[in-house]
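What follows is a pair of complexes built around chain A, which joins chain B in one and chain C in the other.
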Partner chain A sequence: MSAAETSGKIEYSDSVNRNALIAVKAHLIAGLLVFLLMMLGGLTMRAAQGTWLEIGADLFYQIMTVHGVGVVGAAVIASTGVQWYFLRQYVRLSNGIFWTNFIIFLTGVVMILGSIFVGKYGGAWTFLYPLPAISMGAWSNGAAALFQLGVLIIGVGLLILYLDFGRAILARYGSLARALGLTQLFGKEPVDYKHPAAVVASTMVLIVNFLGIAAGAVVLVMGLINLYYPEFKPDALLMKNLIYFFGHVIINATIYASVIAVYELLPRFTGRPWKTNKPFYAAWFAIVFMVMGVYPHHLMMDFPMPSWALIAAQILSFGSGIPVMVVTGYGALMIVYRSGIKWSTTAKLLVLSMFGWGAGVVPAILDAMITVNRTFHNTLWVPGHFHFYLLIGLLPMIIGFTYYLTGEGDSKEETKTVDNLGFYAYLIGAFMTSMVFLASGANSIPRRWAAHLPEWVGYAQVGTVAASLVVIGMLFFIVRALVSLPGASNPR
Partner chain B sequence: MVSTVYAITLTCIGLIIAVFYFVIVNSKEAEADYQSVTKKWYGFRSKWFLFLITLGITITFLSLNPFPLPDQKKEYSSSEYQVVTVDGHQWYWNIAPVTIKAGQPVEFQVSAADVNHGFGIYDENLKLVAQTQAMPGYTNKLIHTFDKPGKFKILCLEYCGLAHHAMISELTVE
Partner chain C sequence: MHLTIKMEWLPVAALVILALPPMQKFLEQSMVTHMLVQIPALAVIGWFLGRALPENWGNQLAPWNRWGITGMVFAIAIMTYWMLPRALDAAVAEWYAELAKFITIPAMGIALGVSWPQLNPIAQGVLKLEFWATFMRLGWLYLDLPDRLCANYLLSDQRVLGQLLLLAGSAWAITWTLRVTFGTRIINT
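Right, the complex of A and B next:
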């Protein structure tokens, strides 16, 4: 097969393309709206911890539950939109299946919202066994079951979509190994610098998410059985392993799906190609294993875990920072350096995402060291590192892509004041939010506490101000997306 | 330890900000020949990669020797270790005894009666000094030596339901 055959673009009819663009916009708008609501939830929780708002512990933990599951859901649905938009250019994907997943997702969202705000389920998004079944009367088994069924059904929708990804990738490339670039990496085929990064990244996401969601389905079903047959008592540590494998993989994969936007778009703004090459393939091949192998770093304070698993998790966690530090983040900086780039809001957001991802690696890999984890685990250090990844890494990729779809990136006009306002409010707010969490973690403040001790209230108050800025910035982005996105034609 | 980790984090984030700043201020003037940019910086990348690998191996070796968690299979002798049993319940701790001596290592035998809890020991300045998970069906052995007498707080570090944040108890070290 020639290089053109592996990297050439797929042709669709105009009507299919129009429908596909509507579907992608629907994913982005749904994702961004959910993100905004979850940010309001986050702001509410910080204000309550800062004693500026009085809410009951039951409502706090319901908000905490919806915040966790909502952010993961929004990240998944929006990043899927980004990924699908680019992947379909290289392999023939079905609009019908993409929409099917979207509808299933919305159904799951309704079930989850019902379980939390009608059924009062407040067992956290991690549904850590056996908490869903033992709430001391705070919620019913029915509410816990509805929550877990909602998550399960969303997983089923995603599996259907990934089957389509797998079918289409295999139809074009013959094997997942070839799509990942392994035949080039190991010298069986000459290196094709135009082999699409979107295909490599999507194949990685497909593999890890398929396994992650399968593990999630197993643990959800076991949890559901336990709800109605309490004599069925699975091992608590096994359940933890399955839950964290699922949870870690699915949220981590969103950033690997969304980074496709950076690979595809930065070259357009800089006029420089992002060539795939052997280090690129090697990095993505390693990521497949690292994303799945690092999850025991959530279980370092579970002392009965085999020590080899914790040691492997520590080493792999350090290793998983290397691809972004050496390949993706580094490559982005090289492309931008002396490129003459026009700093549209789209470009700013994409470069910001590289910063957020790269800088977020630091607190993450430190906390994934067993010796550090002993005094950082389950403190606010943990939300500190993942808010870095999500607010400053993932979301700027998604919002940057949304801006690109509105045509902002290619516009000859100067950046609008509203976009600048939104960008800087968001940037300062997101950075502050993450840094306040890290400072709180360094001061041993526990995570997931509805009411903070008086010594900790000051941190929560600064965090509240920071979260308000994030919400303001996000409001600008959302208004821009709602006004400009629906009518925008596909950028060329 | 905590302040070192925090300082390393702030320094590294600061350095990453500096690198991004350098690239951004040097982004407007275009250098037509991208190949010369890639040649120079691909060369540096190999060194950067080797540096990170060397750093990783060194940190791994130093931080895992000795292995930082207590041996769970070992029987800790009662003559050498003070034994404290800990049971997490929704939403209180059963701890016995609640008074221990400074200077002699303590073996905390930590379990949970209902759901997962997190056994976190906080000193008088509200700094976390040691922790382990409290899990139904398991007994985790946490070994800690208190250097000085004082009143320590026990806080729950794993979300366990609506009064999770109220699961506070006290431990006296004499």
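Right, the complex of A and C next:
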């Protein structure tokens, strides 16, 4: 064991560290900019539904497609930046591979944007078979193929990155089980309270995303074959299962990658360590299976699905939020309670993320009940869930980490008025956006409809105001990131 | 009389046995044995031939095969060609295509044997996953396609091959998962 390993942290040369920091900043800035653009797309859609803006239905569905795939992409690239920043402190990761993934990601983004805005592809991010091949003239086969190739290439880039994670974790810990803390959980090794939470979380993300991307690599190619050889008609239900396994796992894993920021940063702000223990390992072990097992809650209206899969999905969906949320939420509250924490923007955002994560899963759990799902799943209730989860759960983790890097990490930088303005505009806007979606869903307003009935327009208009606030808040964050992040040094 | 057989000659002997007309006809009468026995056997023979090559051959090849990239590109190109159904049909129907198969697939095995150990572990991982995905994709295709892909083989044969490919892919995935999840230190950096 090297000296670096016994101290728990990996040593890199200054030049490697400098390059790594630039790479992380590039990931964060790219991710946040894509988020902002997607928010503008969301605002446009809400304004169109609210009759304040006139756009054609074809453009609406193109924006809906880019909004869906873009948010997932931005979440993945930004959360990967957070995860990589911390994981490389415990296992030796390659800067070259990290950059490679970034460049492949940008290439995939260009392909996807081309397919949507040049090729007019508007079949939603789900590329659900057989829709891409039966556009009835709205887009060409080439556009649908380019979209799927773009998604495929992004998957390949991530796969390369995860292989590097796997290599580095295995090199240090010998097995993924040991990295997950299972040897400690099952008594094969004494409990090490200093076993890094970043390694546990990253191992979980690595396992589920690797399998998710593998499923995606198969189903995307099958979709491509169908585009050019329509006689090949794969089982539509199997295709849907694989697509949702891939899609649900990859977006769900972003929050588990980003929560590392909470584990790593809250202790620095409170002066109390985040100790890993057996309940922590048990929770993360359980979530490996739960994240992969819950996806059939997207297929509850597909009557040919085996009943056992739907029942299992309902039970797992009920439970999936609990393990990690309990250990993380409870842990976060415990280390904050009476710690004398200084409420910087980073700290506020990280604690807000705990609320967004905890409360954001509640609508999902309700929707995962088979009887509720039959009524709610095709309504705006579901966007209500994931906007809550992503806007108030995931994004505050990523933005909080960005603030940490911009200078708050050194505790020298004071919170500025503009930061407070951004924070509260964002908070109110994000909460309103989510609640308006949920209220719309509760009132049976369907989702993925370009045109709304007159009775629904009021909801969309309130949603437009809410989305504008989110955009304003995000603009403050983005300006702050663009101004302060490039020159910021690595917090000590 | 004491007979000593040099280990290096074993792959050559195996190649000769596979090329014998009865063995060749036996393995090529079914799509399953053609694709899952004969072709992999030829590749494995090539792999062992590659290991038995004189050392100076390897040294001369080395500048042309940095990090194993050239060899892997060569191997993948041959692999891709022999995955085409019409290539299999040609091998069954035409002697020159059969001869090409008996030359190119062992050559692919040699390239794999020489290049794989030199390949970056990340590239190895990407290719392993791509090979696995190819098993699953082809298995699925062979099961679901309404038509025969090879003129020389029955649809039922194609279906069995599809099932076996899915089975092999699944077994591979489980083995790999178990190894990385519970295995001991298998990669040292």
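Basically, the second predicted complex is superposed on the first by the 478 of 492 C-alpha atoms of A that agree within 3 Å, B and C clash if a C-alpha of one lies under 4 Å from a C-alpha of the other, contacts with A are read in each partner's own complex, and residues count from 1 in each chain.
Assume contacts are C-beta pairs under 8 Å (C-beta built on N, C-alpha and C of every residue); 3 or more make two chains touch, one makes a residue touch a chain.
Here the structure is a predicted model, which means the values were calculated and not measured.
A.B. asks: Evaluate whether chain B and chain C can sit on chain A together after superposition, giving fit or clash.
C.D. replies: fit
A.B. asks: In the superposed arrangement, does A:D235 touch chain B (first), chain C (second), both or neither?
C.D. replies: After superposition on chain A, A:D235 lies in contact with both partners, chain B and chain C.
A.B. asks: See if chain A has more residues touched by chain B or by chain C, and give me that chain.
C.D. replies: Ranking chain B and chain C by residues of chain A touched puts B first.
A.B. asks: If you stack the two complexes on chain A, which partner ends up touching A:K9: first (chain B), second (chain C), both, or neither?
C.D. replies: A:K9 contacts neither chain B nor chain C.
A.B. asks: Looking at the overlay, what does A:L128 touch: chain B (first), chain C (second), both, or neither?
C.D. replies: first
A.B. asks: Considering only touches as defined above, state whether A:V362 meets chain B (first), chain C (second), both or neither.
C.D. replies: first
A.B. asks: With the C-alpha centre of chain A at the apex, what angle separates the C-alpha centres of chain B and chain C, reported to the nearest 10°?
C.D. replies: 100
A.B. asks: Considering only touches as defined above, state whether A:Y61 meets chain B (first), chain C (second), both or neither.
C.D. replies: Only chain B is touched by A:Y61; chain C is not.
A.B. asks: Please give the nearest C-alpha separation between chain B and chain C in the three-chain superposition, to the whole Å.
C.D. replies: 14
A.B. asks: Determine where on chain A the residues touched by chain B overlap those touched by chain C, and list them.
C.D. replies: Touching chain B and chain C on chain A: residues 235.
A.B. asks: Give every residue of chain C touching chain A within the complex, in rising order.
C.D. replies: Interface residues on the chain C side: 121-122, 125-126, 129-130, 132-133, 136-137, 140-141, 144-147, 173, 180-189.
A.B. asks: Would you mind writing out the residues of chain A in touch with chain C in their complex?
C.D. replies: Residue list for chain A touching chain C: 92, 97, 156, 159-160, 163-164, 166-168, 170-171, 174-177, 207, 214, 217-218, 221-222, 225, 231-235.
A.B. asks: Spell out the residues on chain A that touch chain B in their complex, using ranges where they run on.
C.D. replies: So the residues of chain A in touch with chain B come to 57-58, 61, 122-124, 126, 128, 130-131, 134-136, 138, 235-237, 240, 272, 279, 300-304, 307, 310-311, 314-315, 318-319, 322, 325-326, 330, 333-334, 336-341, 343, 351, 354-355, 358-359, 362-363, 366, 369-372, 374-379, 438-439, 442-444, 446, 448-451, 453, 455-456.
A.B. asks: Mind pulling up the chain B residues that touch chain A in the complex?
C.D. replies: So the residues of chain B touching chain A come out as 1-3, 5-6, 8-9, 12-13, 16-17, 19-20, 23-24, 26-31, 34, 37-38, 41, 45, 48-49, 52-53, 56, 59-60, 63-64, 67-70, 72, 90-91, 114-116, 118, 120, 122, 126-133, 135-138, 140-142, 155-166.
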